[in-house]
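Lettered A, B, C and D in written order, each chain numbered from 1.
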Amino acid sequence: MASVSLESETFKKFADVAGRDNDVNYLNHDHSITSWLFTLDHKRIGLLYLVTITLMFLLGGALAGAIRLELLTPKGDFLTADTYNKAFTAHGIIMLFFFLIPSIPAVLGNFLVPLMIGAKDVAFPRLNLFSYYLYFAGSVIALTALLLGGVDTGWTFYTPFSSTYSNSYVIVMAVGLFVVGFSSILTGLNFIITVHRMRCPGLTWFRLPLFIWGIYATSVVQLLGTPVIAVTLGLLGVERTLGVGIFDPRLGGDPILFQHLFWFYSHPAVYIMILPSLGVASEVIATFSRKNVFGYHIIAFSSIAIAVFGFIVWAHHMFTTGMSPYAAMVFSLLTFSVAIPSGIKVFSWLATMYGGSISFDTPMIYIFGFLGLFTIGGMTGLFLSTLGTDIHLHDTYFIVAHFHYIMVGGAVLGYMAGLHYWWPKITGRLYSEFWGKLSAGITFIGFNFTFFPQFILGYLGMPRRYYEYPDEFQVLNVFSSAGATILAIGYLMPLVYMPYSFFFGEKANSNPYGGSTLEWTNTTSPPSPHNFEKTPVVTEEPYHYHGKEAAVVSH
Amino acid sequence: MFEEFKWLPEQASTVAPEVDMLMLFIVVVTVVITAVVAALTLGFAIAFRRKSESYIPAPWFGNIPLEISWTLIPVGICLVMFSWGVKVYSNIVIPPADAMEIYAVGRQWMWKIQHPEGQREINALHVPIGRPVKVTLTSEDVIHCFSIPAFRIKQDVVPGRYSSLWFQATKAGTYQLFCSEYCGTEHSRMIGKVIVMEEADYQKWLSEGAESGQALQGRKLYTKLQCVTCHTGNAEAKAPNLEGIYRKHIPISHIDGVKIKDGTKVFADDSYIRESILYPNAKVAAGWESIMPTYQGLVTEEELLQVIAYIKSLNQGQTPPRTEETPTPATIQNKSPNKEVN
Amino acid sequence: MSATNEIVQDHGQHHHKDLAHHFDTLEQQHDANTLGMWAFLLTEVLFFGGLFAAYTIYRYKYSAMFEEASNHLDITLGATNTVILILSSLTMALAVRCSQTGNSLWTGRWLLITIAFGLMFLGVKFVEWKHDYHIHLMPGKDWSGKDYWHWQYAKKAKDMETEAHKNGSAEHSLPDRKDVLADNDPSLGVRGIQESQQARLFFLLYFCMTSLHALHMLVGFVLIGIIAYFAYQGAYSPEYYSPVENIGLYWHFVDIVWIFLFPLLYLLGAHMGH
Amino acid sequence: MATTEHSTHQPAPLSLYLATFGMLMFLTILTIFAGFQNFGMWSTPIALGIAGVKAALVVVIFMHGYSSSPLTWVIILASMFFMTIMLGLMLSDYMSRGWAM
């Protein structure tokens, strides 16, 4: 490549400081600040997202800490009611829109989608950078809303509270979410076109890694759902500014319509968070079992099925609103349809492990935790799709526990597993396995300690979003808050040993875990600026370990 | 802290055991499945741990019978849960015809409750044991949620419309009444008590301090708001006779000022009466001019409930006579905020 | 998945001037661009879809008032705009066609003509909004709660217009606000708050939908202008014209939205007698 | 997968565009005419039907739907499918509210 000689001066100067090897890769080919801020390289954009969402995660986590601290005692003593309401609203908004939704798609997806399909970049690199800056702008606007005084509506923005009664910065926050929504849409659009049009020769649909299937299904949801929340928040803004009744019943509007429109996006949004995690799980389990994924086609289709079914179940968030009981029954039945493909995935992963050669590296430990928590999260979903029990459990801590099991137990542990799994590829360094496994274990234990008591709290009837609560709920709340401190340690550890490994870690070879997908087999760690020296040509199905052993072992 | 702790919530209504049975069923099913998944995960992890770095296991692409069974068995389990859930749900949402009626209004941040006998209470609900009670709910401001965990019931309270829930208490005692839909700053203080009493105690409580019956309050309003000016119930009436119309099918001629098919009827329930008071033009009784003014902004939600209770109780020939103190309808206009228009 | 053999790829060589580095062929690039625009339009459908959903629900709940309120919109102006927009769609299709045949000059000209029709559309729209504002159809902060005289005013204005029409005079004056307020007697008012609220919901949705549509047109003008400039520069050829094709797709989408808005907003109450 | 199925980029004949325009004009007049008739509950379905035909003409001819890849048609159908889901399921709630239990 012609550019090497031009950059070699800069490269030598910085590469030696960082202790890098002498190959040119995407990290060291240009060290200027502008080369990062205006990069069109999908890998660097992925890292920009990584830094930004980590900061947002820390903020959201700190708010969670404040919430748990407040709930240690039945009386409101640490925060005022108003501050508490603003804290849980900010926690929800930051964690959902600014951490979970961009977590795997924008960080790992950006880094990996072109690498895994043998492409040089995503289909629209400029649009990709634009998406990042939209995300950044959205974050700045949302943080502005928080600094101005915050929002006290809950992340659900239910009308007429949000449109008429709340005196907080709802419009600023809505603008922030509107902007970040378009970032999400454009990222999804980019990935869809990339997967359709940029695959390398021989890489047919059924040779795609399952992570790509997961990201593809996610992108479809982003593309279809996000515009609806954008326009809904727009209408909320119009109602608040002009004082006209779109959702306020005093002015002729219908507050339940807001909930319909809101959940039309916000239920599928859960699948934006969990589907990529399911993809990570398939990759990690295959690699660390050294085995092809059982029922590849079914797993691939189940991702698409979850994405599509996700759009027909939204009203199960509204069973107690006084919606039509007939419609409630229809939505209850439809809701069960999501359970089936999720179950199939879990069983197929177990069958993948069966007869494998399983090694216990950090990503696999995280995925073991993921399996347990995702299963519990999914199973408790059955209580909520069943009408008879949902009425009692709705809007209690049971719900809080359930969606944290899915979103933290499922999505975040999947994200952590993926981050650890691809870390050598991203940085070219190995992190400490000891600290990695320890953090995975502590996270798992801390998580269960925090959220399992909340199932019981919910069944006992403790409503969510209470900053004071009757004395009889204290025991379980103390358990939960204690668990949260353990969980916090589990989260904070990677923040130390991973950056450490970036600078001082042992050098990783191109495929330390024996992965079988293109990013492991066909490029260096870290990859070169244009990903592959030569365009890969794929000749076989993914996760093809068998047959390779003929020379080594026979059985 | 530990004294008050309980593992299970009180079971104090007729539907509570049903919900708990369903709950138990799902708990057993999910615990079994989760345990199997956990056992297999751990078992496989140990049994198939990596013993040799060079060993590559044999592939396993799929197994149709296995895959069909782990698809169809969950489908079956889900269908059982769904049907059972619908059955319990029907019992939760369909009140018995003979249920006694209580009215509750939610506002930031309290519950205001009215008994038909005229008792009014705030953040407390006294009910007798063993009688089905239907609570009709509405809100003055934002969405609240009327939730009694010990009864396993919950209903959102939406402004601008009536919703309802019912229960039959089975155990005397005091239970929590929560607002479980986030409603603003003091959401967590919107807590009341449900006091379930023996029938005799309940009657005693009713007789103590009841100002006057809810319907009686409504009767006063009926004259005060000049309903009686037109709804006279006799020949000089300018508006339909309201005697005995409650829960009857009433023929109507116009919807929102538009003529509709002859013979269309509307069911005169609480919601219809409420709508007719606030939006007289919404569904106009056949054979009458639509001349009624709106009462929006002139009656509170609580007063509305009293008027409705009165209309409900109104039997043949009971419409009060017009009195001289009844002013001209212009008074309504004077009170109207319309005057503030510049 | 292992890639057993690899093909040599010549980086930076034999590249067409319009081919971005990460694509292999112009064909691939064209397909990706077109598909990208289609996917974007899918998002746009759902974006407008939220408003259509709100419209559908309120239309269902308040059907009678929606028909009556619809009757206050000017069908002549709406129909004129429909014709103008379809014309602009035709000229846009011709622009794309010219870029396919390599006629850069006419590509640019047709694009500018499209903008001209678009501006005409917005001109008519502006006149219409202005009129709506004068007869108090535009929902605002003061048209809230119990202040339902705006709707009375609009109705009176319509009556006066019909009257003037009957008398054969094209000119008609607007009602005096004081008269409307004087007549605004709730004790006599058959049509009260509810009507006003429901009518306002209709007009609110009307303004939201038409202004979102107009916003899309404004964005379209900028993009078409840029592409017209490049067309005059001779940037497009039969091998590379996807920017023209994409802006065409976008513009046709804007047309389609209007094709649905016109009957749903303007013609809803036409049968009630105009 | 660098190259995909070859799609035709041959320009359509001018007459096709003009005929389409004529058809769209005709349908506009038709929909206005229909709007003034009282078809009762069928008014909206008729209006939407005509609008649907017009939209289809624009998609197929002006937007080159006739020569687009199957994937483009998947996108077009998906937009209709998800709009139907959104409107249909929301209406299912509102329309069955009044039914007695």
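Quick note on the criterion: a contact is a pair of C-beta atoms (placed from the backbone, for glycine too) under 8 Å apart; a residue touches a chain by one contact, two chains touch by 3 or more.
Worth saying up front: this structure is predicted, and the values here are computed from it rather than measured.
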Q. If you count the C-beta pairs in contact for each pair of chains, which pair comes out on top?
A. A-B
**Q.** Geometric centre: closest chain by C-alpha means
**A.** A
Q: Report, in whole Å, the distance between the mean C-alpha point of chain B and the mean C-alpha point of chain D.
A: 42
Q | Cα-centroid distance, chain A relative to chain C, in whole angstrom | A | 36
Q. Where the CA atoms of chain C average out and where those of chain D average out, how many Å apart are those spots?
A. 16
Q. What residues in chain C touch two or more of the other chains?
A. 24, 28, 31, 35, 39, 42, 46, 49, 53, 57, 61-62, 145, 194, 198
**Q.** For chain B, residues that touch 2 or more chains besides their own
**A.** 90, 93
(Q) At least two partner chains per residue is the criterion; list those residues in chain D. (A) 2, 4, 71, 78, 82, 86, 90, 94-95, 101
**Q.** Complex interface listing, chain A residues touching chain D
**A.** 196-204, 224, 228, 256-257, 260, 264, 311-312, 314-315, 323-327, 330-331, 535
Q) Tell me, which parts of chain C touch chain A in their complex? A) 1-9, 11-12, 20-24, 28, 31-32, 35-36, 39-40, 42-44, 46-51, 53-54, 57-58, 61-62, 139-141, 143-145, 194, 197-198, 200-201, 204, 208
Q | Residue ranges of chain C touching chain B (in the complex, touch as defined) | A | 62, 64-65, 67-68, 145-147, 149, 181, 184-195, 198
(Q) Give the list of chain C residues in touch with chain D in this complex. (A) 24-25, 27-28, 30-31, 34-35, 38-39, 41-42, 45-46, 49, 52-53, 56-57, 60-61, 75, 79, 82-83, 86-87, 89-90, 92-94, 96-97, 100-101, 238, 245, 248-249, 252, 255-256, 259-260, 262-264, 266-268, 270-271, 274
Q) In their complex, what parts of chain B are in touch with chain A? A) 1-2, 4-9, 18-19, 22-23, 26, 29-30, 33-34, 37-38, 40-41, 44-45, 48-52, 54-63, 66-67, 70-71, 74-75, 78-79, 81-82, 84-90, 92-93, 108, 141-143, 145, 147, 149-150, 152-156, 158-161, 163, 176, 178-189, 191
